[in-house]
Amino acid sequence: MPKMNEKELQEFLENEFVQCPILVEKVEPMGATIRQPITDAYLRPGGTVSGPALMLAADAALYIAILAEIGPVALAVTTNFNINFLRKPAPNDIIAEAKIHKLGGRLAVGEITLFSEGNPDPVAHATATYSIPPAQ
Amino acid sequence: MPKMNEKELQEFLENEFVQCPILVEKVEPMGATIRQPITDAYLRPGGTVSGPALMLAADAALYIAILAEIGPVALAVTTNFNINFLRKPAPNDIIAEAKIHKLGGRLAVGEITLFSEGNPDPVAHATATYSIPPAQ
Amino acid sequence: MPKMNEKELQEFLENEFVQCPILVEKVEPMGATIRQPITDAYLRPGGTVSGPALMLAADAALYIAILAEIGPVALAVTTNFNINFLRKPAPNDIIAEAKIHKLGGRLAVGEITLFSEGNPDPVAHATATYSIPPAQ
Amino acid sequence: MPKMNEKELQEFLENEFVQCPILVEKVEPMGATIRQPITDAYLRPGGTVSGPALMLAADAALYIAILAEIGPVALAVTTNFNINFLRKPAPNDIIAEAKIHKLGGRLAVGEITLFSEGNPDPVAHATATYSIPPAQ
């Protein structure tokens, strides 16, 4: 059973990331889906979403999947992040689906597939590792 | 000889990345150094710089090093980006030093070392690959 | 329709990788599964499979998935490879399942999930990029 | 001061990696250089060194740099490994130069530059993270 539901995660996010309006769409065991509304701030010339905006969405999606499992007290930090950019995204919202591969005592590892809303082919795929602080 | 100097790169950046005030500090053969001024938008609770802000600085630094070599006509796009977060940054400007490992006809590969101004130990280290469009 | 079937891929592999007896288990659209028989050469003290043996299996699985799509004439080469080690493998055969995310004109990108035979939890997860040579 | 010298590391390696004759060339603070003699087992058709052979050399070089710092009792394991292949290596020995970026209580992170003997341009560049077991 996840330790936080969508509403609790959304409230937590809004306190932590005041500047980045990310929406929690779905939380499930060992996974989460978020939506990153795309505004002009995230667009590059030509109307495509910037690479760093995709990285932000990917990082946030896995962070939320991990928080849902370990609860809000933890201060997980990213230690490694790797992303492959696959296709030029349209200027639509980004949907990021995170899946946890391993939730260990010290490290959590997962992958994130990124979609441009309305297109079934992923625009990017990322993997990331979070360091989990020792339980107190 | 680089094809663009610091001033030309700075002007190009300001048109491309209206939202991200990145400063070109130095361009040299197969390398570049940039400064990312850190404002509240980039801070996380506790006063540290967010991971995505570091990714943005790393990606931009290598992009500038490549543009300096191939000139402003090219539409290089990142295909792979990998970052290791090493130390919690202080809320200071981020200095990103990029070095090109390979500048091929189709791909450019390089590494970026990220510093928090005033601390000689790197806060993160990244590698990235850019796809170079065919010459016309 | 894949351009090579399991038997053709197996014959191709045996000529290319004389030293590494890898078995093609399954080829499907945009994916392939291989088995790497584990012999003493791949074991570390304590009876676990070495990291480089897992990397070899991952790289080979995606290579085979790509060859199945583009045919045996192509000389695809790995340009980027990233792997997260998740769990200590038992000294059993390694099963590597590759899935292609993108098969472009110049680059192919995919992911590989690695299992130790008999355990449903993956022992490692990798992503890789191959450069596809220009068609002649 | 490193806790193990070249001779001690070489003996340790020969017990751990019976199958892989890797030679410790140099150990220095937070860094090490190794040589991987290239035999037919590591060659691909066309006389180039296989990707997995380069990965093995990179992984071993950083492992040795870390062991030199923390001593032989530790059972460090690779958690993440990322490599960019830059140039086709000639069928010569591989020289791998590892540099530690961070040696923390739980994780060590570093980079490895790989050369084909006789060529000053690197053939590959890797980064890796090792998990350090808790001190006893």
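First chain written, first letter: the chains are A, B, C and D, and each begins at residue 1.
Note that a contact is a pair of C-beta atoms (placed from the backbone, for glycine too) under 8 Å apart; a residue touches a chain by one contact, two chains touch by 3 or more.
Source: prediction; values computed, not measured.
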Taking each chain's C-alpha mean as its centre, the one farthest from chain C: B
C-alpha-based rotation, chain C on chain D, 0 to 180 degrees, nearest 5: 180
Approximate Å spacing (C-alpha centroids) for the pair chain C, chain D: 23
Rounded Å distance, chain B centre to chain D centre (Cα mean): 28
Whole-Å gap separating chain A and chain D, where each centre is the average of the chain's CA atoms: 33
Per-residue overlap in chain D, given as positions that touch at least 2 other chains: 79-80, 82, 84, 109, 129
Chain B contact footprint on chain A (complex, rising order): 15-17, 19, 40-41, 44-45, 50-52, 55-56, 59, 77-85, 88
Residues of chain C defined as touching chain A within the complex: 80, 82, 84, 86-87, 101-102, 109, 111, 121-122, 125, 127, 129
Residues of chain D touching chain A in the complex: 79-80, 82, 106-107, 109, 129, 131
